[in-house]
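Next up: some structures, all given as structure tokens.
Next come two complexes, and both contain chain A; in the first it sits with chain B, in the second with chain C.
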Partner chain A sequence: MSERVRRIGRLRSTVRQTILLPSGRAAARVLSPIDRALRPGANLFNRFLGSYVGEVTGLQLGLLVAALVALATVPMWAPLFVGNYMRTLAVACIWAVFAMGWDIQSGYTGYISFGHSALSATAGYTTALLAVNLSPVPSFWVTIPVSILAALVLGLLIGLPSLRLSGPYFSLVTFVAVLLFYRLTIGFSETLGGENGFQAVEVFTWDFTERYYLMLVPMLLVAAALTVVARSNVGTVLVAIRENERAVSAAGLDPTKFKLWSFALSSITMGIGGVLLAHFGGNVDPATFVVVDRSIEMIAMAVIGGMSSVLGPIGGAFLFVLLRDEILRLWFGHSTRWVMLWLLVLLVLVFARNGLFRWIWHAVGAVGGDRE
Partner chain B sequence: MDNDDNNTLRSDRTGKISVGRRRFIGAAGVGAVATTVAGCIGGGGDEGFTVGHLAPLENTQGIGSERSAELAAEEINEEGGIRDEDVEIVSANTRSDPSTAQDEASRLINQENVDLLVGTFSSEVSLNIMDMIAENNVPYIVTGSASPAIIENSTGSDYEANKNIFRSGPINSYFQAEAMGGYADYLSDRHGWNTFAYLADDAAWTDPFTNNLPGELESRGYDVVYESELSTGIDDFSTVMNDLESEDPDAVFRFFAHIIATDMLASWHQRQAEFGIEGIHVASMTPDFYELSQETATFETTSQSGAAGTTDITDKTLDFVDAYQSFTEGDDDAPDLPMYMGFNTYDAVYLYREAVEEAGTADYESDLDGIVDAMLGLEYTGTAGEISFYGEGDDYPHDVQEERGENDEITNFPITQWRPGGDLECVYPEQYRTADHVQPEWMG
Partner chain C sequence: MLDSLLSILITGAMISALYALIAIGFTMIFGVGGVLNLAHGALIMAGAYVFVILNRDVIWESVALPRLLVFPLAVGAIGLASYGLYAGLVRYIEDDPVITFLATVVVATMTTEIALGIFGDQPYAYTVVRGQASIAGTSVSYNDLAGFALSWIAIGLLWYYITQTDGGRSILAASMSERGAQLTGVDLHSVRTRTWLIAGGLAGLAGIFLGGDQAATPLMWLNPLALAFIIVVIGGIGSIKGSIVAAYLIGYTETLTVSMLGQSFRGILSLVILLVVLFLLPQGLYGREYVHE
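For the complex of A and B:
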């Protein structure tokens, strides 16, 4: 056994010495002129926005801008591919909101929630119930804030008693909340629509291009807002809670208060995502919103992208949804793709625990050398 | 998932903490993943006539429908195709899930550039995808789901915007409820059954039954002693059976598409409950349901388009069943019969061919009106009956018209009954009857 471990260790170091390091160096050599070229832009960015959203290197700025341009021009390049990218990327935007919503609470404070789909489902079901039970159906301007508020209320209902708990108990409470929600939809199917849910929600639009932008813009706004919060003192306290809660208390700060704030912020984000998802397809049912799989998927997205980082969950969500709905689907078909997807998630958990996108971000940041 | 991971994470959020440059290779790895997408470059062609088929393919209705569409395409291609173009069926699995169905339908429209969409079994799915399909103008013929809301919410509310949507069968559940009234008359005449109970899936397609059938039965002079909608996730029928036994109806009309009521049937036989089980039970339409239910399906009835090939509804019915059976020979996944949805889908492909040939174009983008007019002008003899559509001013525009007999009773709604030994007989309406309805042997 130990001989095998040694052999694997030797293999790994050979691979690292002969392939990874040289190619990493080669890539860095190629990229450092680009980094230098972009540095004036980065300096400008850092001067005006750095204190709010963190500082970037030239290459990091380039990467951000390239990603934004790619997202903004999807309708131009999506038709070149076989697949349904206009829809898939719009779905990815919604899930990026969910992954960020989970991350700002669980990723930052370390209080892992297994029940975040209950929050987004609250918003979705509120929208659907308003549409089904009120006549005439109130406008978006009423239903959207009410639905987000409903998510916040449920978030506080779960958060207030449970955030004082520690260890696995908080996670269990959230897990039970989602199971309870699911059983409620089945048990009170006359009110909550049962397995089939509701098909009554007005879809924003069936124009695929317009619909994509209607999902993209809120996602970017949420990302910007959460980045500002995460880079503020609040974000620092949240991470400190994760690292050492007692130290936070000793510093005279009330950790529960900060955890509640993060939960509230997270609930609002989940509410926004839930509303987007409800108006995206018009159907609100347990399989789309509630079941615990949805909660686990949010976690997986945030973790493979890189927890406690805002950009990580976005990248994770896009990677996850693209793999699931397009790439793996093309190769493995509808059912087997899930097996491959979860295997890939497992690989990331084992080999890139800090998340793929954090890894990329820091690797890119390290090019040029002088910022290390 | 390992929670502890959370504690091992570093708080290196600012990007200033050292990360080995060698790690840069990670970026290259992800880049490699990204480039795999490049393998997908290409686009759907416009050659031929493509029919998109939407149905749940883990369900015998969906599979029967899919094979029937394939059969229709093969036969039509042997005859020279649709307007000289070969017909190709592109099949997508909706899994009876509205979100999946939406994804699949938009793929068929955007990626496969389909010329026609047929199928959809669950009414929730049909209701959820039709706005998107209306927006894209692709002709869409619903062949599986029966909720009148499909028409009411589309052509019935905004005709111009939804005129590409048709429903070729079965008759919608509003008419089905009326037809059930006629069937109750027959049961009353035959067995003296005058009190009934009502059970249904809690789903969109049963709403018209829930709203209309009890009243319909009462207006015909019968008593309705029990009414209940059951959660589609129900797994215990003992309460329902107890309630039914204490209310003591002569027969229970139950409408199950989502619920597979084998437990209820087992309990019915075991208790020798003193009532007939009538109505619609979609699971019971599967040819091997008799064996699957361990023979407890005996004496239950279900309505189904095409009457499961027990009788020649039109001169095409039995030929189609024969062709289907030789087409699916050796195909273990396919049910032995086309299923009600198969009859309707097969007819839909054929009648659409007739319509576009009449219209002189299959190009819905430039002449949808011409195609719609031709569809509305059709009087097509299909395998499940005569098919013609209601027009713009009617209650259910573009819905299949019900057929009526001498006494104004609805006739294109045949009902079959499982008999001891596993035979299936058509018991209603009279003109298609292969045998009279029998009551359970423990009754009377």
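For the complex of A and C:
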């Protein structure tokens, strides 16, 4: 059996030797002057922020700034393209929040959750239920914190019992939890709206530009906060749990406590995303929020970008949503589009386990640097 | 009261047998390779659709293959598809359980999309064997009866294979201790090949009858798979005996819930049982402790 595996390995190394490495070197030669030019900026960044969010090289900083500028100026360049990029990118921002929320728990600790859409759905449904059942409808300043709190409470309800279970059992319980949530929305259709859900949630705004920024800014804030957590000691412990949980307890740390913290953090993030999604379109129904597909899509985004990082899931979410809603839509019908997307995810899983965006990030970081 | 009790007893037995088939395949693959195979659900759905395709005028427009031939063909095709999944994908990534888990999920979703693309989302109703029988005042379709009988035949054959033949015992050995099995000369590759083939065949069998019972839809696998999860965890991951016992426990719970509380409360009581078992008996009813090196 290993003969074929070895042959594929050999093929891969030939490809690397003859194509990837030389072209990489050529690209590095072109990019290294830019890297040198940006070095002072990077040094400044590292001195003030490096201890919180990690150090960057000149080119990495350039990439970050370029991406931020591109995101901030979307209303200027979006009309140049065919398609509804303002809406698509706003959706991508929401899904980036979901992907990051999944990743800070599942990607970092290795406890793969299939039930994260239940958390965002809790926030969405809380918002909807408050809007439907209370009159006058309470303001955003009341419903948003309450909804996020509800997501946190449900997260702890799922997390407290299930995080004591080991790997596969945890995944199974979360998977069943999301199916149960769906079943409940149908079973108690009088209170939970059934298959059609609620349409009564007040939309933030119908102005495309304004709505885009209302999605972008929370996403960036969440990303910044999660980066700080991930780069702190807590993040290191979470990764250590994934690598060797016994070693973590041998070091005198309680893994369950850290797993719970990551689950709580993840629930809050999912809550934020759920609230954004509820106020984005104004409808809260099982198909938008609850069904297992939504959980699997979050996972797919995080996997494409690169699990256990913060930038990876963001990049993955933007790539996934852009491909799904704009680029592939130009040529393919609904189910072909999805098949191609899943094929892409599968290819990334098999051939680039660490994710596309992590690979890009490290390749860029290696330009003109001392790292390999 | 007695009548409804009898009817619950009978319908529960029918559906539990199919759940047992799904759960056994799932637990065998986990026991031997340590792979949580979510694509198992896709195989269930594929079983129903392959049966439908083969049954619909394959050769000429009006000449359909006889069902006696179509049935084993469909089961065999799903067995091969399951092996193909192992040989073409899982084998290369099985060193990382998380990646494998995610990859099988992606395969399952992809297969669903393909089925949606080909057949659309309308349910396709068919029966494997037409007709109805009446047992003790409860009407039971021949489809369910045949499913019940065939699944017990399959379970019996599997039991004989696993306990009485060398080939089957090597599967059992590999699921107890991979290293121990290797040291006693078990060819792990052939064990895995056979495990995936058998598990696929069982999933195909269950899928054909589930589709005949309810109707084939691209998402028909989701609930049976979730129940199979619950069954496997309750029975003990890796234990075939546990899967059968737990399948009947869950099958009857489901039938009871549906007939007492209604269709929309399906699954809720099973989940409660799952939680209780997880806390009282974390290894399940018949599971060995969860060890994988």
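Structural remarks
Here is the rule we go by: the second predicted complex is superposed on the first by the 352 of 372 C-alpha atoms of A that agree within 3 Å, B and C clash if a C-alpha of one lies under 4 Å from a C-alpha of the other, contacts with A are read in each partner's own complex, and residues count from 1 in each chain.
Basically, contacts are C-beta pairs under 8 Å (C-beta built on N, C-alpha and C of every residue); 3 or more make two chains touch, one makes a residue touch a chain.
Owing to the predicted nature of the structure, the values given are computational and were not obtained by experimental measurement.
In the superposition on chain A, A:I327 contacts chain B only, with no contact to chain C. In the superposition on chain A, contact of A:H362 is made with chain B only, not with chain C. Contacts of A:L149 after superposition: neither chain B nor chain C is touched.
Once the two complexes are laid over each other on the shared chain, residue contacts for A:V350 go to chain C alone; chain B is not touched. Look at A:L179: by the touch rule set out above, it reaches chain C but stays clear of chain B. Set against each other, chain B and chain C differ in how many residues of chain A they touch, and the higher count belongs to B. In the superposition on chain A, contact of A:S171 is made with both chain B and chain C. Residue contacts after overlaying the shared chain place A:N84 against chain B, while chain C stays out of touching range.
Of the two partner chains placed around the shared chain by superposition, neither chain B nor chain C is touched by A:I34.
In the superposed model, A:V137 lies in contact with neither chain B nor chain C.
Taken together, the two complexes place residues 110, 112, 168, 171, 186-187, 189, 296, 299-300, 303, 334, 349, 353 of chain A in contact with chain B and also with chain C.
Every residue of chain C that touches chain A in the complex is listed here, in rising order: 30, 36, 89, 91-93, 96-99, 101-103, 105-107, 109-110, 113-114, 116-117, 189, 222-223, 226, 229-230, 233, 237, 262, 264-268, 271, 274-275, 278-279, 282, 290. Every residue of chain A that touches chain B in the complex is listed here, in rising order: 16, 19-21, 23-25, 27-28, 54-57, 60, 79-84, 86-87, 106-107, 110, 112, 168, 171, 186-187, 189-190, 194-197, 199, 203, 206-208, 230-231, 235, 239, 242-243, 281-283, 285, 287-288, 296, 299-300, 303, 307-309, 319, 322, 325-327, 330, 334, 349, 352-354, 356, 358-367, 369, 371-372. If you check the complex, the residues on chain A that touch chain C are 1, 5, 8, 110, 112, 114, 161, 165-169, 171-173, 175-177, 179-180, 183-184, 186-187, 189, 292-293, 296, 299-300, 303, 333-336, 338-339, 342-343, 345-346, 349-350, 353.
By the touch rule above, chain B contacts chain A in their complex via residues 1-3, 5-28, 30, 33, 36-37, 40-44, 93, 97-99, 102-103, 106-107, 110-111, 122, 124, 127-128, 131-132, 134-136, 202-204, 229, 231-233, 258.
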